[in-house]
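We call the chains A, B, C, D and E, going by the order they appear; numbering starts again at 1 in every chain.
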Amino acid sequence: MELSIEIFILATLAFGLMAYVIGRLHKQLGSIMTILGSLTIFGGIAYLGFTGGLTGETAYLTFTQFEISEFGLFFAIIVSFVFAMVSFFNPFFIKQYKYPALYSMLFMFSLAGAIGVFFSSNLLYLFFFFEFVVWTSLFLIPMGRSKKAASWYYGFSAAGSFMLLFAILMIYNANNGSFHISGIGSVTGTTQIIVFIFMSGAAFTKLGAFPLHIWLPKVLTNAPDPVSAVFSGGLEKLGAFVALLAIVNMGGIGFIIPSIDMYFGQMIIATLGALTIVFGTLMAIRQDDAKKLLAYSSMSNGGYILVGFSMLTSQGVAGGLYHIVAHAIASTAAFLAIAAVARVAGTTKMKELGGIIHKMPVTYMVYLIAIISMAGIPPMGGFISKWMIFQAVIDKGMIFIAIATVFGSIGSFLYVFRPLAALFLGQELPQFKKTVKEAPFFMLLPMIILSLLSVYTGVLPGVIIDFINKIFVDMQLNYNIVMNGFAIEGYTSGIEGVGPSLLNPLLIACVFGVGVFVAFLIFIVLKKSKKIDLMDTYTAGNFVYTEEHLHYSVDFYAPLERLYEKYIHIMKNFYKSLANKVREFGAFMKYFFFTNKPEITVFWIVALMVFLLWGDVL
Amino acid sequence: MESTKYTQPVALSKKQVDRKWWEIGDFFRRNSLWMLMYCTGCCAIELPPAMTSAYDMERLGMGPMATPRQADVLLVTGYLSLKTLRRLIYTYEQMSEPKYVVGFGSCTINGGIYHDSHAVINQLDQYIPVDSYVAGCMPNTEAVMNGFVDLIELIKNKKANGWKNYHTNNAWYKKNQIDALGEVRIKDEFHQ
Amino acid sequence: MIEILMNIGFGLGVATFGFVLQTAMGGINRKIAARLQKRRGPKWYQEFIDIFKLLSKRATSHGWIFDFGVIMALGGIIGTAMFMPITSSIVAFEGYDNFFIFVYLIAVGMLGMAMSASGSGNPLASIGVMRALTTMLAYEVPFMVVVMTIIKLTGTSSLTGIAVAQQTGDFNWFMIALPLGFIVAVMSLMGMLGKKPFETYIAPAEIASGPMVEYGGKQLGMLFIMHEITIFIEVSLFVHLFLGGAETIIMFLIKYFIVYAVLNLVSNVLGRFKIDQVVTFFFKWPLFFAVVQAMIAIHLGWVI
Amino acid sequence: MLQFAAIILLMLGLYGLLTQRNVIKIIISLNILEIGLNLFIISVGYFEGGLAPIFTSETPANPNFVDPLPQALVLTAIVIGVGTTALGLALARKIYQKYGTLNLDEMGEN
Amino acid sequence: MSAILLIAVPLLAAFISILVKKVSPYLLLLVSLFALVYPFFMDMSDVIIGGFDSPIGINLVVNKFALTSLIAVNGLFFLVVAVNIAQYKKLSSILLVALAGLNGLLLTGDLFNLFVFIEISGIAAYLITTTNKKPLQTFNYLVAGTVGSSLYLLGLIILYNMSGTLNMADMATFVEGNGMYTLFPFLLMFIGLGVEAKLLPFNSWVKGILGHSNNLSGAMIASVYATAIALVFGKLLAGVFQIEGTLALIIALVLGITILAGEAMAYASTKAREILLYSSIAQAGIVILLFTVGLGAWATFFAIANGVSKFILFGVVNRLTEEVGSDEMDQLKGSFVNNKLIGVSFTVAALSILGLPLFFGFVVKMNSLIGFFEPDFVSNLPGGNFIFPIIILVASVIEGVYFVKLLTKLWYKDSDVKVNFTPLFKYVVVVLAVALIVFGLFQGEVEELVASLINPGGVFIWN
């Protein structure tokens, strides 16, 4: 059956308004509306998307045109899925907010905006929805811990979206007055370079990549828990979408560097992406707050996506797209797990938490599967995307980018393990023995679904690879990922007689399963071991009775943190000093022009007259 | 001379099968005795010569291990003050079964030269089961190696079951420990 | 379907072969080290005895995560070993022995051990795990750069492919072809195996054997098995990458023994680094040489 | 000649506004400015030997009148000048009531 | 039914209201309502005054542009008056004079007549600001205003001396030819009007007036007067002025600095009213920029949208300051918690000024920016086509940051202060907020409205 995408956008807005109205009467019902809304939207888009039932014609929103493109559908499904999964958490967190009804409404509005961005073919109205997402999500942030985060967020997103607007207007000027999305490809010469710079600037801000990343940790830490999950899983993908348009759709920018046959523009993006990975990893390793750590991890994964896209080879771009899927699922699951812990334990600071696993085992398993995927370890999705990005980087022979990606993937293992060890494992602190209990079923449901999906994307990549191939065809890129049987054909070198390197995730999972089964057999056959309490540990003969003394969670990676302790505030201070410069300029102008003496105005009038006459008469 | 004719093996009972496994286990346990590096007194100085090239404890399969969980044999080398005894009992209970204890020097046998001191316990055997002793006040290295070989022999003949005794007559051991120390797991030792 | 089962059976055979080979090698090398110190040293099969003794002992467990971690660790490593090609012809899964699988599946083993060590509730174990991960971060980066050069040169990332490339004369052994890379790889291998200079994470003196603090009988035994198979994977990985793999098993065994013995001898003579030194050591000279080697090999094309 | 006088008066008024600190003096210099301006407006329409633009019995056939329009404009300009001066003086009284002084520097708050 | 009634009736009412004090507020309400409704059905012909045809006599130009600006200004005037009449009964005669002045401004086609109406509305403005009880600031405003209008007169007379005509259309044709000579008089006229239009070097009076504004003077100066002056100044800039050479450089500098400095000053201030006044300086700079560059049609609607938003913002902030006593942001925090309706409309107005989607501000800002990027667009200001959009975008980023800071302070902090708004004010503000949203949504209709202001060649019809 046929349905226009415009119906979905209007439906989301309608759900938002309904959620507001019902929310005013009864908080919980309002947030349940968000669940229903986002589920129906996700279901509709996914079902119609796959059966080709989505159409683009507009009956009500006549000022814009929509176009169902494969990559738009790809992003829309992911983002609406993330929204749907996170909305399950709304009813449990709604009590903490100052304006619960407004929260539910804005939650749905930002989903509507995101869908609008992905499908609109008119660039100006792509910007319309882009800005709409910015201000609707803006008012969600202050409902969390701090209010300052909102102004940081708006400062950077406004800078990003206005860069995008400037690029769009440059395209409008170059294509003499057409806003169509295909106009991006047909821009040439210096305007192409300007458009490329400004669009990737917008992508960098939205993704939270290196030079413009300051807002990401501030916002994701201080926003309410479900909102930070939505931000890192869903709204960051807007940045990836713009990055896809800017880096891949516009093709190579600038001259080609012969030794690594890459375009100069793409080379810069790749280096900045690599810097994002390294900076994100280094900062994440030393964080004590679990949410801030996950914020930096989504920043570093954004760097992976950028590196993947800027390779401009089938492996690289497919790796980037696959990483978007894997990262969206994994980081949403991780954020939701931390949210479940924060709801019960009250804080996400690792210093104050410990041994949550004994009371929340399912949340632990969800978090474990999420970090396996984030660290890029085989049975999960993250491994396949990182494998593809590695293949692409090696194929291009870019050494420093390879160093950064390797450092990033091993580093991600380090920092994702830190909450696992400090927050979940270790001694069970007494104050949490009574208060902490397993999350209710409706919170576990989305988390379990996300984990199963993470495993599914890791073991059977077939569906997503076909979708990516369809995207390549739809964007007229001559890339293709070959799948023979269950294996992905990786990097095919020019040397004859050497077959492509194969990766069969299903086989890896089976072999991993067989290995675990053998180990389990060894474990079962031998004598059953005696269960003893956690406190009964080897303490070199000393008698220790307080759990805090036996729980190692403060300054987890002390030797690493000591290395770069002095340099962590460079970027933040840079932006703070920028803001202060603007304030000083304002204060100076105020002091200079706005004294209460009438002669200031007269003085300036005389000065301007003299200035004009200087050339001609005097 | 039994007949060498092939006879149908009789089905062994569950207990016998376990016995068989335990014997095989004994073979491994006696050939790889890991000692806990826990030097309480002056006899510990005898251990390095036992490890180095002259006597080489390693050829018996013995090597130092860091924690009680991993170790099999606890070498009590020298006198035992009350404070050390508490640590010793706490560590002994943390070791994984089957575990063995070797008492070094006369101090563990009858208190040695400190037999009349108030701070030292005289007979180690009353507090934790000891499997083999090595006599001498600072026993010679041959004596130490001999002690180890005796322990291996004991395991071979299934006599080294001190750890079983600890379980069976635990009450007796506990009573002795309480008499000597007041209580083993003290709460706040340093601020008494 | 049967063919897959056959392969898996073959893989298990490879894994056990690896375990047996490495345990024997371990025993022999302990004997060589002892002989160097003019003492008789343990029986060559001492490692087997140690492991089986541990498996026969009655252990203590700190909860389900403590056991599940050990099982996952051993399972992950057995899974990795099943992919390992012994010689360029004897390999369980034809064509699927991709280099990245080994690097990342070892990470699964590391994760399993780390999880159960942290789950044991002992702070020494957590510190040990932290040190293990930071050391891994350190030695992995230069090694990957060198391997990247190899993959870029040979054009394939499958181990048998690289071995065949060295055997059939396209390149001579990368040990010779990429001298700097070889030195860096040796250093990284010592880090991987946890040999003496980089043994900070299982330092018996400082942190009471690090992650293995709380492990008793069968858990410790299983971890020892895992440790042996990990060494087998890493050394045979090194052999395939740098020493041109092997046509016959005997060649493989000889090369394997030489590499492991040399490493053992080197490590017996060295003291132990402090953790700060380990973290920064690999980012100084090894990374510099690895990058220089990569530049020379890829961009300038000078391969001996 | 008249135009130069007007411009000098204008400059004088501007100078007064720039330098004076006393409210009344500012109002006076404002007036000087306006007078200068009005004179300038008049001088625009004047030329040597021009007749006053009034039709009387003995005005010649095609009389070269002085341009009447600026003179009309000046009327309104003067009236407006008066209006603003009146308001300025009323404010000056209010300022004196509030601050007790007419000197801008002594009034303190900016 | 000619347009002259729009000036005559308020003046008449002003004199009557002086005679009969009691009835003056109701008279004021009646006349301002008349002024709002009348333009809808007055005939569209130009009005000749005093029988002399256009080049000689004074005429009132009535076209689409004049009509839109009249409706907008009178509408805002009526709202301001309706909301504040109860509090400021005794000012009704002055307000009537102001109304007459403003209508005269928008209608007149003669330059000297424009000077007269500037002075009339100016004096009315000085009198309105006396309600702030700050005589020194009003005095500054008076001095600046008078100097400005005298310079405007000086420039006008020099032009008259050259061209011989005072009529705008006639002047425009004269100036076409010899633009080189008219630089100095145009500068003088630019300065004259610049003082009123709050451009940077000349607006030192704004801080005193709007900084201590009350309900009436804040709304009146910031929204009604600002819109009227912007539209008139725009009409002159678009039609009469010929901008090139050093004059173009000066105007470019003045406008650029006004926009950026306005936003920076707003970012640097902590008082709510100060933020809004500096933001309105920046907005005025943008409107004048759009007029000078020739995008007159969208500039008109930009001014109107800004006027409406400023009405809401200043109205709400002044009411809060009146209740709380000081307009420091920290004192005002959390004041929307217990009056949500006012809060929502304040937020809508603020977001509309920022140019965020769904609001009228977005439609206006986007189309003005698009104007800059039209393929055949040539900007007569130095610095090429793209320097000014960049300035506008950078300015709106800074603007966004301080508005968000203000909004989060007002919404998300909890405070005990209980402020109650009069139901009429609440009703007016909500209606305006809804208008902003409605105009924002129905872009099609807005585009038709704008199309009526442009002749087929795309040139803005100003007379």
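Methods note: a residue touches a chain if its C-beta (ideal position, glycine included) is under 8 Å from a C-beta of that chain, and two chains touch if they have at least 3 such contacts.
Only a predicted model underlies this, so the values are computations on that prediction, with no experimental measurement involved.
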Both-way neighbours, i.e. chains that touch chain D and touch chain B: A
Assembly fragments, chain A aside and the remaining chains unmoved: B, C | D, E
Most contacted chain pair (by C-beta pair count): A-C
Longest centre-to-centre distance from chain B, chain (CA-based): D
Distance between the centres, which are taken as Cα means, of chain C and chain B, whole angstrom: 36
Chain centre separation (chain C, chain D; CA means) in Å: 98
Distance between chain centroids, defined by C-alpha means - chain C, chain E (Å): 77
Cα-centroid distance, chain A relative to chain B, in whole angstrom: 59
Contacts with 2+ other chains: residues of chain A: 538, 595-598, 602
Chain E residues counted as touching two or more neighbouring chains: 136, 139, 143, 147
Junction residues of chain B, two or more chains touched: 67, 69
Every chain pair in contact, whichever chains are involved: A-B, A-C, A-D, A-E, B-C, D-E
Residue ranges of chain C touching chain B (in the complex, touch as defined): 30, 34, 37-43, 46, 49-50, 52-53, 56-60, 204-205, 208-209, 212-217, 220
Chain A contact footprint on chain E (complex, rising order): 136-137, 139-140, 143-144, 147-148, 151, 183-184, 187-188, 191, 195, 200-208, 246-247, 250, 254, 261, 263-269, 278, 337, 351, 354, 356-358, 362, 366, 369-370, 372-375, 385-386, 389-390, 393-394, 396-398, 400-402, 404-405, 408-409, 411-414, 443-444
Parts of chain B lying in touch with chain A, wherever the complex brings them together: 67-69, 87, 90-91, 94, 185-187, 189
Residue numbers on chain E that touch chain D, as the complex places them: 112, 116, 119, 123, 126-127, 130, 135-136, 138-139, 142-143, 145-147, 149-150, 153-154, 157, 160-161, 166
Complex contacts: residues of chain D adjacent to chain E: 10, 17, 23, 26, 30, 33-34, 37, 40-41, 44, 69-70, 73, 76-77, 80, 83-84, 87-88, 91-92, 94-95, 98-99, 104, 107
